[in-house]
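Two complexes follow with subunit A in common, the first pairing it with subunit B and the second with subunit C.
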Partner chain A sequence: MGDLLFLIIVLGITFMTGSIIEKRHFEKIKKREIALIKKPIINFGAKTWNTNRKIKKIELVTGECVISGDYFKNFVASLKNIFGGRLTTFESILDRGRREAILRMREKAIGANFIINTRIESIMINDTYNPQESVPQCAIIAYGTAITYE
Partner chain B sequence: MILTNIESVPGMTITAQFGLVTGSTVRAKNAIKDFGAGLKNMIGGELKSYTELLTEARKEAIARMEQQAYRMGANAVINVRLATSSVTAGAAEVYAYGTAVTVKPKG
Partner chain C sequence: MEQLLLMNKNLEEKYLSVIEDNVNVGSSNAILEFVILLAGIAFICFILYIFADILGSFFIDRMPDETQMKIENAFSFGIKPRVSAKNNDIVKLENIRDKIILLDKNLQIKSSFPIYEIPEKEINAFVAPNGTIFFTKGILDEVKDEEVLAFVLAHELGHYAHRDHLKGLSRQIIISVLLSLFSSGQHNVDLTVGSIADLNGLTYSRKQEREADRYANKVVFQLYGDNEGAVKFFKMLEEKEKAPEFLQYFSTHPSTVQRLKLIQQER
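Presenting the complex of A and B:
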């Protein structure tokens, strides 16, 4: 009985903290994305780049983010795993992490005209010996080539 | 050293190729930061110390790759790819690889 009560309390606290942190993070991401729309940066998938304009600077830009779920999300996901279907709690974590990494990459190339061939690399870095039990942690690297015209 | 992750350096022509250059690093944070991250893991959110770890690892891997290319006499690395793998909990491996080339401005 005591264990169950403890679990309920932990779930309640982590639900509160997790949802508050997530909400704030999403608000921040949205604000930064809107601020970056006006900048002349476009993410391209192009592998080659032909232009007649003079190029001032070419550099590799990267953005990293390690994002973690919370205990509540993990609990819900493990329940949902039984019946199958969308694990919405994990979707939001990965979405946040990717958007954050891309934003950081774009913010590093604020003066550039384009970022081309953007690639996103992601990996789970949680406990490899006990992946079922541990809360997911996702490390994401976004990188691309920033091109600045003269 | 010019780094790109596309097949060429825009505005420049490739004069010589030197083949594959690589750089890798495995890094870990200290136990105190691991403990802090473990607590943060419960309540959720970004693990800032691990993001820092990833940034350091990425910088080091790219620096090693650049060094290798520099020793070959190249002045640019094209087609750079970054790969990560999880070695153990609390550690990150970043692997950078690309083709070392010499480039010169067009015309």
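Presenting the complex of A and C:
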């Protein structure tokens, strides 16, 4: 019975700490997004991009982020594996990861006018051959070309 | 130019609203989801348990005595008591045992039900799969009343007569196979399913104990005409233990209060 008690305590604690951390992270992300709303402008689509103005600097900017769910989230998700359905506990993690990665990229490109050709990718940094022992995580990299006018 | 500014302002507002309401994150309550998932798993386990119980008791109740003896001997290989010296208590118990065996056909011709004492302080007695009965030194020192000893002995013999050990074993085998298929080696699911299985196993064990108590009660009534001794014994146990009642849900035995109630009702 000690196992069960321990499990319940760990689940309760990780649920509380996890939701506090997530709430704070979202608040921080919102604040930074609002602060960065004007510059630099990101462009996701164009493969070719033309301008008449003189360009001072072209630079690769990247933003990376690795986020893991807490014990409670992973637990619920693995239970969900039985019945299927949306892994709602992981959705917020993916969202946090993506926004964080884009924010970091934009923060790196402060001063530039445009970031063109932005791409977002998710990567596995897990041990794919031993999924039982690897940490469930969400690694996201956002990259683009920052362009500064003269 | 003004139009452009207005458009920019509109765009800004749009961005702000996108930042504020996030469509990518589900709005469901994680705790509620967790509870629903647990309930679903518990339901599946419940069905599996009913299946295992029906299957197990169907075959074990129809099992011939020879097969039972064979299985029991295979499982109790190596059970050897550490103390072999016979004292007065053991002789007294053996006399009671012979009386009880005469009463029940299920117990005859199967095992010789040897009785041994083990040097432990706590008050306990148990029966091994091959019918060997062990009494602790604690219970033999504490209890001198013949009626009480008869009740305890009949309780253990009741477990044997009901084939509780075989039922428990078959249930565990069926369940562990089914559940390991079900959880497919995922650690977290294993943990959840294991906890549910433990709790359910305890419930089953308490049911068996109640049945054994009923059996022992019947035997004591047939031997002595009343169960005053057993009632006194449980009252003594009740005074000794200070554990709160709800803890019985995490225990293999029902609480002493409940066992006392059961015995008093059966008279």
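Note that in this section the second predicted complex is superposed on the first by the 140 of 150 C-alpha atoms of A that agree within 3 Å, B and C clash if a C-alpha of one lies under 4 Å from a C-alpha of the other, contacts with A are read in each partner's own complex, and residues count from 1 in each chain.
The rule is simple: a contact is a pair of C-beta atoms (placed from the backbone, for glycine too) under 8 Å apart; a residue touches a chain by one contact, two chains touch by 3 or more.
Keep in mind it's a predicted model, so treat the numbers as computed, not measured.
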item: Clash-or-fit label for the pair subunit B, subunit C on subunit A; value: fit
item: Partner chain(s) touched by A:D95 [first = subunit B, second = subunit C, both, neither]; value: second
item: Touching partner for A:V135 - first (subunit B), second (subunit C), both, neither; value: first
item: Touching partner for A:Y143 - first (subunit B), second (subunit C), both, neither; value: first
item: Touching partner for A:L4 - first (subunit B), second (subunit C), both, neither; value: second
item: Touching partner for A:F83 - first (subunit B), second (subunit C), both, neither; value: second
item: Which of subunit B and subunit C A:K73 touches, first, second, both or neither; value: both
item: Spatial angle subunit C-subunit A-subunit B, Cα centroids [nearest 10 degrees]; value: 120
item: Residues of subunit A touched, compared between subunit B and subunit C (which is higher); value: B
item: Which of subunit B and subunit C A:R119 touches, first, second, both or neither; value: first
item: Least Cα gap, in Å, left between subunit B and subunit C after the two complexes are fitted on chain A; value: 13
item: Common interface positions of subunit A, toward subunit B and toward subunit C; value: 72-73
item: Residue ranges of subunit A in contact with subunit B within the complex; value: 10, 13-14, 17-18, 21-22, 25, 46-51, 54-55, 58-60, 62, 64-73, 100, 116-117, 119, 121, 123-129, 134-135, 137, 139, 141, 143-145, 147
item: Subunit A-touching residues of subunit B, taken from the complex the two chains share; value: 2-11, 37, 40-47, 50-51, 53-55, 58, 62, 80-86, 88-90, 92, 94
item: Residues of subunit C that touch subunit A when the two form their complex; value: 12, 15-16, 19-20, 22, 24-26, 28, 30-31, 33-34, 37-38, 40-41, 182, 185-189, 191-192, 194-195, 198-199, 250
item: Partner subunit C, residues of subunit A touching it in the complex; value: 1, 3-4, 7, 15, 19, 30, 33-34, 37-38, 72-76, 78-83, 86, 88-89, 91-92, 94-95, 132
